[in-house]
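Presented below are the structures under discussion, each in the form of structure tokens.
You will see two complexes here that share chain A, one where it goes with chain B and one where it goes with chain C.
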Partner chain A sequence: MADRLAMSPTATLAVGVRAPTADIYAPQWRNFIFVAPFLFFFTTLLLFPLLWGMWLSFHKADTFSSGNFVGLGNYARLYHDKVFLQSIWNTFYFVLLTVPTLALIGLFLALCLNRRTRTAAVLRTLFFSSSVLSVTIVTLIWRIVFIPNVGLLSTIYGWFGATAPAFISDPSLAMVGIAIATIWWCIGLPMMLFLSALQQIPQDIYEAAALDNANRWQTLRSITLPSIKRTFILVIIIQIVLQFQLFGQAWLMTRGGPNNLTKPIVLYIYDTAFRRWDLGLGAAASEILFILILVAAMAQYLVTRSRGDQA
Partner chain B sequence: MKLKKILFAAVSAGAMMLAAPSFAATELSVQRFFGACDADFGTNTDPTKAVGECGIITSLINKFNADNPDVHVNVTTVEWPGYDQLTAQFASGDAPDIVTIHESVLSDYQSKGLLMPLDDLLKSVSVTPDAFTDAARNGATKDGKIYGLPIDSWTMLYHVNLDLFKQAGLVNADGTPIFPKSPEELLAQAEQFKQKTGKPYFVQNLANETALYTRNLYTYLFQQDSDFFADPKHVKLNTPEAKKVVEMYKAIFEKGYTTTDLDYGGSINAFLAGEGGVHLNGTWVVGDYNAQSETKGTALNKGGYAVYPYPQLFGGTHAQYADGHTWAVSQKDRTPEQIAAIGKFLKFFADNDFEWSRTGHLPAYKAVITSDAFKALPHRNTISAVADLGKPLPSAVQRQFAIQDIIGEEMSAAISGQKDVDTALADMESRVNELLANI
Partner chain C sequence: MSAPATSIKGRAFGDHVLLALVILLSIVMIAPVLWVIGLSLKDNAELMADPNSVFHAPYTLKNYINTVGTSSVFIWVRNSIIVSGGLTLGTLILSSLAGYGFARLNFPGRDVLFVIVLFGLAVPEQAVLVARHQIFSMLKFHNTYQGLILPGLSAPFGVFLMTQYFKAIPKELDEAAMLDNASRLRIFWKVLLPLTLPAQATLGIFTFLGAWNDYFWPLISATRKDMFTLTVGMASTQTNFAQSEGIGFLMAQAVFAGAPILIVYLFFQKYIVTAVSGAAVR
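Moving on to the complex of A and B:
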């Protein structure tokens, strides 16, 4: 294509005197100026911190000084650190609790609210409204719900003479409590993504199904769900990446307790790097998180692609 | 001509703006915890009318600003204890001029050269370390120099609901509460209390808490003369002494002698609502609780409020864990005016330590602690003993707040039954030593 343009009509007209023409597709250094602003911020805010984090993870460094090269020493310390291993498990457990629930409830809400009625519009806004709140407000609301003795849950249980489950301090319930708050907070995005996908399904397929006497369940299983398969996978990927980075809710609701059972990796990193000043160890833990998220995202991507090819 | 006028006006305005700072008050940035209460005390300049830590410190700083028009203090209030934020501020070169720091934390920042030694500055405003109480002077001294102006010494106390104690039959003839003298007696009295009142003996904030557990452990290790930090770089916690303490608290938890799922705010509400006999809380609530006990209709008004140091449960030295608050000054280049302004601020707090001691904290100055005015404050006859009983960790122990978190997490796991006591103590010791080995 570029060659064809280079042999422009001007060149053919003046036979023998080939005027030098500019190849607009040829690489030119001044084009760099157009991407320079992006590259500047990409390099300074993303690439440099990423590389610096890797460099730090191989050093014994604290918040106010960087020390000796320790090779894989920090990674070895992580490997033997029960709290870090616990935090990895906690993070996976949290992802397991939240991601499928978010996808299923999001889908359910989208199916229910995919109508052109005023009530559906109001409800869509209501369900999405929690997403605009900051993590501080969300945790404050849920603390008021969960707090023993005077919380909403305690009051309701109190009416029936029962004791409310201790969602903030019970070892087996604390992570569930954080997951409930997170699902309430994050449900807006999956619902919106599913809604937009549902609205893209051509109406005539449904009409054809109706003519074939397909019932609601058959329509859902054979038309709706296959049509939004890609969105479903997109929602899962987005939520996995988001929920892997759990921090604010755990920090503000339980401080990672009881006994580190709700401490996710990001909170471990924060604790290590900023509260214990062990920056090298914190950097090493964040590299592990980076790899985990990368692997999760890549696995999802590969699964999606191979399934897409088969289809 | 018009252009010339505009130019002249602009130059004049610029010159005035440049000249203005020379007439302005010297600005000082002060960062503190103790909470925010601007709605109640934001404009109060009379500290005698304030109650509680937040009210008194807010009013004191308001008074300082009012008394010193040549200095203006800008206050930033941080959530307790605020060290994550302070560390980030130091790391980015944006630390406040003056900041509240616990004596137990001073060495973290001092060892990195981030704090200014205050000996000369304090001398210039006639505040000398020999005026400090021994506890305050030792707490604020690192490597032979003063690194913080001590404002108090604090510790944990037994805050008692006397009405419930009377119901439980745990009062002497003179109306004072009967306290246990051994772990066995403690459990027996707690059982008696539960039987007679139907309520738990202790109100504790055990939900995701670390500080309370750790302070309790330190106190009862001191009472057994356990020198667990003989080497400030290596702790010994997997010991029979520590096991006795943890098992005692585990029994209290398992037998229902304590509230279990409350956080700090919830525990205060529970105690004020009369839901338990003894609240384990610090010196800082004495003023507030006393005010409550004087308000008709409250649970503490019913039978009275009393407050005591922790009872001696073991056979060793009578002691309990204590710490203190200081004003520390960040290390940076300053003008002589700024340094003088900081001196004025510190001197003001040294001079007004009596007002601060009304919170319930023990004064950091000999003249105040021996004064009639201090002795006349409510409950000081029972808690003043802490001035002699109070014992901090050795000052060379670094990262004391991080250590507190580790110990608290492991104690919580052992007491609530998530781990057996031996495993928790072994984990506690190895985690603290791993932390200390990597400083």
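Moving on to the complex of A and C:
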């Protein structure tokens, strides 16, 4: 009850009715009860595993024991592991293949479909629909497109008497195949983000431009694109964070092959920790991934925050 | 709308090019799905002899009958419903309570705690998976429903969303109730919670969809076939692609698994789009 008596400055200044309301905003321990259930799960299943993961990365550990302290040994092993270095390169290559394509196609679709017609609405629905499917179904669909003999691609090529490129087995094309399936799967989100940015541009700017007889290209270049520059950066960063975590498509379409050429970092972690049960090494690899993603997430935070300032 | 009649001809040509491109992209979106549906309606032997047989009769429902009759798809659907439903319900409860707590109430260390929760948004799942898997091994939680549901309850996104939402509700509402000497829990339950229904819908759909489509954690936690979720189960049948049951059967299974979620999407499109884009921007 002591804290009830301790009036905050606002309470002393306010008169009459205001006093009790100011009082309720004073810190009270019993209010903690509302956040306690969530904080319990947050602490035990997120914060604690995060710290334990860091600790594990300095140990040689398996499923049930935390093993011996090896210092930076796991990190040194990663540094000398050709497969891990390859997986970092693969991940960057995949990000490079998918992120700019997603941003550009997403922007293109948003510009074309930002109108109030029924056709545009149907097409928006269509282009977002693949996003609700699970990775399992998406990879099943695309394997049946790429597969020789009964595949859609080889059937189409067959009509012209040609042989379809082997998007899954050819070492130089396997990652491209995974990227195509991923772009097909993920195109909805960039399109929607661009659409909502386009709808926030004030219409009177366009009316003014029309009065000045600006043509469509001029309008696009000097009004539309500058207004959505920030969204463009945001889309790029969001997609980098998302595509950096490539796992399901690579695992289900190629198993990381041929020759580890489509093995991304997350698949390396999966292989190391959950198939070879080298938990320490797997933990060390996930710390590296964590740092890489944290950098991108920080960038995202800075971009969204500065947008808030401007609004 | 904005049509100065300067170059109608050039404009029409440009429109045609754009239209052609959009149509081309639409075909790329639809064709693979139609192909899958086509294959699912064909007899396997006929397909193997000539894939072009997709384009003509006879079609058969045999693959679907086999899917319903023999595969474990129903068990996996049941597991997915239990896991996604449980996680959604839990997330809504925890996030609403915590959102109200962070937005409206004060307690020692509140602001520091909230910053820590926000930091949690930047932690990717992969950074905690290994340790989480070890903890769950020790608790013998693998291959159980709680093993599949609990990790999702630690995700901070819902708390972040609900806190923002509660903050946007005018304070006068609960202050008035406070003056009537209503308890905090009563105010939360009777006054504020009903106002958050749109946010509950958004968060609920987002959580359900995420859990339904989650692949990594169920893959490492549910290793017994009868505990597979739909995503993991479907993936497990993919490994023996083109053998045993045949392509048509796999495709029928894919249609069977994908169609319900697409139908749900058509009905709740608006909420789903808001939820997914909102979660991305946060």
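Following the convention adopted for this analysis, the second predicted complex is superposed on the first by the 268 of 311 C-alpha atoms of A that agree within 3 Å, B and C clash if a C-alpha of one lies under 4 Å from a C-alpha of the other, contacts with A are read in each partner's own complex, and residues count from 1 in each chain.
One rule holds for everything that comes next: contacts are C-beta pairs under 8 Å (C-beta built on N, C-alpha and C of every residue); 3 or more make two chains touch, one makes a residue touch a chain.
Since the model is a prediction, treat every value here as computed from it, not as a measurement.
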Next item on the list: Identify the partner contact of A:Asn31: answer first if only chain B is touched, second if only chain C is, both if each is, neither if none is.
Entry: second
Notebook entry, point to check: After lining up the shared chain so the two structures overlap, which partner does A:Lys60 touch, if you call chain B first and chain C second: first, second, both or neither?
Noted result: first
Margin query: Quick check for you: in the superposed arrangement, does A:Ser169 touch first (chain B), second (chain C), both or neither?
Written below: first
Next item on the list: For A:Val150, select first, second, both or neither according to whether it touches chain B, chain C, the two together, or no partner.
Entry: both
Margin query: Is A:Trp184 touching anything from chain B or chain C once the two structures are fitted on A? First, second, both or neither.
Written below: second
Note to self: Going by the contact rule stated at the top, is it chain B or chain C that touches a larger number of residues on chain A?
What the structure shows: C
Check: Just chain B (first), just chain C (second), both, or neither: which does A:Phe274 touch?
Finding: both
Next item on the list: Please indicate which partner A:Leu220 is in contact with in the superposed arrangement: first for chain B, second for chain C, both, or neither.
Entry: neither
Margin query: Contacts for A:Pro258 in the overlay, against chain B (first) and chain C (second): which applies, first, second, both or neither?
Written below: first
Next item on the list: Applying the touch criterion given at the start, work out whether A:Val83 contacts chain B, chain C, both or neither, answering first, second, both or neither.
Entry: first
Check: Where on chain A do the contacts from chain B and from chain C line up?
Finding: 63-64, 147, 149-150, 270, 274
Notebook entry, point to check: Along chain B, where are the residues that touch chain A in the complex?
Noted result: 83-84, 87-88, 90-91, 108, 112, 114, 206-210, 260-263, 266, 269-270, 399, 401-402, 405, 409-410, 412-413, 416, 418-419, 427, 431, 434-435, 438-439
Next item on the list: Under the touch definition given earlier, write down the residues of chain C that touch chain A in their complex.
Entry: 1-4, 6-7, 11, 14, 18, 21-22, 25-26, 28-33, 35-36, 39, 47-48, 51-52, 54, 93-95, 97-98, 100-102, 105-108, 110, 113, 116-117, 120-135, 137-138, 150-151, 153-156, 159, 175, 178-179, 184, 188, 209, 212-213, 215-216, 219-220, 230-232, 234-235, 238, 241-242, 247, 250-251, 254, 257-258, 261-262, 264-266, 269, 272-273, 276-277, 280-282
Check: Which positions of chain A touch chain C when the two form their complex?
Finding: 17, 20-21, 24-35, 37-39, 41-42, 44-50, 52-53, 56, 61, 63-64, 105, 108-109, 112-113, 123, 125-137, 139-145, 147, 149-152, 154-155, 158, 184, 188-189, 192-193, 196, 206-207, 209-210, 213, 215-216, 219, 234, 238, 241, 245, 247-248, 252, 266, 269-270, 273-274, 279, 282-283, 286-287, 289-290, 293-294, 297-298, 301, 304
Next item on the list: Spell out the residues on chain A that touch chain B in their complex, using ranges where they run on.
Entry: 60, 62-65, 77, 81-83, 147-150, 166, 168-171, 254-261, 270-271, 274-278, 281
